[in-house]
Amino acid sequence: MNFENRDIISILELKKEEIEFILEKSAYIEDLVNKKEDISFLKGKILANLFYEPSTRTRLSFESAMKKLGGETIGFSKADTSSVAKGETLADTVRTVEKYADVIVLRHTKEGAAKLAAEYSNAPVINAGDGAGQHPTQTLLDLYTIKKEKGRIDNLVITIVGDLHYGRTVHSLTHALSKYSCKINLVSPKDLRLPQEVLNDIKDTNSEVYEYENLNECISETDVLYITRIQKERFVSDLEYNKVKGSYVINKTILESVKSDMIILHPLPRVDEISCEVDETKHAKYFDQTYNGLIVRMALLSLLLGAI
Amino acid sequence: MNFENRDIISILELKKEEIEFILEKSAYIEDLVNKKEDISFLKGKILANLFYEPSTRTRLSFESAMKKLGGETIGFSKADTSSVAKGETLADTVRTVEKYADVIVLRHTKEGAAKLAAEYSNAPVINAGDGAGQHPTQTLLDLYTIKKEKGRIDNLVITIVGDLHYGRTVHSLTHALSKYSCKINLVSPKDLRLPQEVLNDIKDTNSEVYEYENLNECISETDVLYITRIQKERFVSDLEYNKVKGSYVINKTILESVKSDMIILHPLPRVDEISCEVDETKHAKYFDQTYNGLIVRMALLSLLLGAI
Amino acid sequence: MNFENRDIISILELKKEEIEFILEKSAYIEDLVNKKEDISFLKGKILANLFYEPSTRTRLSFESAMKKLGGETIGFSKADTSSVAKGETLADTVRTVEKYADVIVLRHTKEGAAKLAAEYSNAPVINAGDGAGQHPTQTLLDLYTIKKEKGRIDNLVITIVGDLHYGRTVHSLTHALSKYSCKINLVSPKDLRLPQEVLNDIKDTNSEVYEYENLNECISETDVLYITRIQKERFVSDLEYNKVKGSYVINKTILESVKSDMIILHPLPRVDEISCEVDETKHAKYFDQTYNGLIVRMALLSLLLGAI
């Protein structure tokens, strides 16, 4: 399997074998890191971080991944310090930046931006989130965390909670899980259910899907609890926001009825969906996820640049 | 010829032989890059990018140039994240930053800023644009592109189009071309003609200069068509802006009457001075220019830091 | 003495021997730099600069220090490009970033932020200023400059001038000096005297402390003159600000009555507390301080990361 020079735009474009291949390579990289081996595979290579929308976590994760591999980064962390202010199109910015860099990481406000960038760039493009669209490396790190913690992805009960309507993380994750044989529980307020088209996409697959409004109905059978933030900016009014805000807060009381080896994931940043008291429990794996994200991005960069 | 530790403030300070020397060294660097030779000449060296005004292209180009040469960069990409907010003078900022860096690249809103910085810095200073003033590396990359594409700069018909009054790129380029023996056609609306003092400077040189309002009058004899943006911010009103905005748009219809080997350059970013349909023609060289800019800056940094 | 993995939150936590140890290691690093020895001790290591408040000098100093040692940096230079905008707590940001980096440098608007960060981070945390709180590396570079210039810190007359009430630099410096045997003169307007609690802390130590309103009363005996800015933002009104603004401006006239080997320090940025005419005198050491800051930070990073 060869990933050299390939664009990573959407998790939908990756076959199950390809996902598995990336996860294997991630485990390989993590092993090298643990053994403190020389991993400067990408010496002399440059990554361009084009972040038209701020994101500490994703931007720093890619920067750290590239630098740990001996490479370098350039870029910007919000649009207004760029030529955008002078009216340049994304296509032109990309055709410029690809001259300076070996790989481009793009975060953009508009869905489809990464696909367009990939059309204009000779350097491979990684989508780091395009509006309500895709964020494939988030999904890969979610899957890597599940596999690392549970030893497999198949035959698990995975419960996804929160704003399932707008959360791009959730759409990508459910799509990816549908390539495996899991039981997927979707827990959300009525108004924030998974969009019908995403639901249709995953219905005719190996995975079973169930919808709930109340987390209590499925918490006890859950192996992986995936919590997401209900973003305030998605609501038309403060009133609407406050109505559901507290619906799905994970605290120690809730943890009394879970499997002893259940793990909790969250794409972060969290606001108050998970109480701080949960952080120190054995269930909490959401900060490990950020480390796993670093590893997965290291593997992916090494693959796209033909280094492993 | 020795460029070690020299400031690059204005193209006017460079003799023709010096310009030629830089272009030769640029070709040498491009050759090394093509042959994938080890070019980590600047290992352990640090470049400080002081951008008091945002500029994706120029900032990232210098960062990439430095990093491709094995060096490192520090800096800021707009003034308000700096001590400026606390009322520090440019002289004091420079006297601080020169302690941290081996070379300083300065983009500033005020004409003369780079000259002042050079007076206070022991490290060499490269002017990356000071208000309506100079931007010498842009001119060097323009010249490098012309020489690379046409084999020479002498004896060419070079037509410069757009806002010739305010565009610093144009002033520097016409000054540089006047050191060669070219025919320079200046095409602009009456109100945006080249300033009289620039015109006077270049009149008593080896180059001939002609002024036109209509591009059709000189397009067919042109070897190099240099298009510039008419910056909205230069106009007192939207009305004035809209009057000339579309005057000099390059499209496929215009290209029907040009020499088959005519090349089109543009300092970028473009807005709509060049239609997208032109991008795929053999005439379009404006995206190659950005690559050439990287090469020229690599050569210049290597020269100033005594590495080649 | 072992500094590996230790947090540097406040100068108060460092014993005199520890301070002396850091100053010795700084001299060692400066010697290596002067001899152009290979100092890439920190190859493969990553420093995260988390600047919730802008600061050119400190941020670039740490970046340059890390890069001169062969390491790399990631980070942000103001809060709004970070997850903060999405409501993430500092604790969560730190628990994320420590996965990406080997050492964290934090500048924050709130006192106590660095201490909190250190509690949540496995990577060592360096406080680069937390509101009105501490800024220990500034104090270390002040001490290093005094020792380098005067050969000792004990038995000197050190006169500190300006806003002694709000200036965190001054509080840290007086605390540190109280561990030595100096004569400390504090010169300030009545309303901007050193806070009583700081004064109490240092009264029962080896150092003597005197307070003045007029610099003339103690200038002639002074060995080290430490000038600080009177920050406009500390005043309730422009009127209050203008009343004291010009009280303690150092100019050539004042220098007529000083010891011939008196040195002038300033944490910078200065506004107009020191006239430019002073810059070229032998007394002026404030720009050397910025270089010394680089050296001290190089030493400290090498110590915390176990490299020397």
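Lettered A, B and C in written order, each chain numbered from 1.
Assume a contact is a pair of C-beta atoms (placed from the backbone, for glycine too) under 8 Å apart; a residue touches a chain by one contact, two chains touch by 3 or more.
Quantities reported herein were computed from a predicted structural model and do not represent experimental measurements.
J.: Looking only at residue numbers at the subunit A/subunit C interface, is the share used by both copies over half or under half? Answer same or different.
T.: Counting shared over all numbers used gives less than one half: different.
J.: What's the rotation, in steps of 5°, that superposes subunit A's Cα atoms on subunit B?
T.: Here the rotation carrying subunit A onto subunit B measures out at 120 degrees.
J.: Counting in whole Å, what is the centre-to-centre distance of subunit A and subunit C, each centre being its mean C-alpha position?
T.: Here subunit A and subunit C have centroids separated by 40 Å.
J.: Which subunit A residues sit where two or more other chains touch them?
T.: Residues of subunit A touching two or more partner chains: there are none.
J.: In the complex of these two chains, what residues of subunit C are touching subunit A?
T.: The touching residues are 44, 46, 48, 72, 74-76, 80-88, 92-93, 95-97, 99-101.
J.: If you look only at subunit A, which of its residues touch subunit C in the complex?
T.: Spelled out, the residues of subunit A in touch with subunit C are 40, 54-57, 60-61, 63-64, 67-68, 77-78, 229, 268-271, 287, 290-291, 294.
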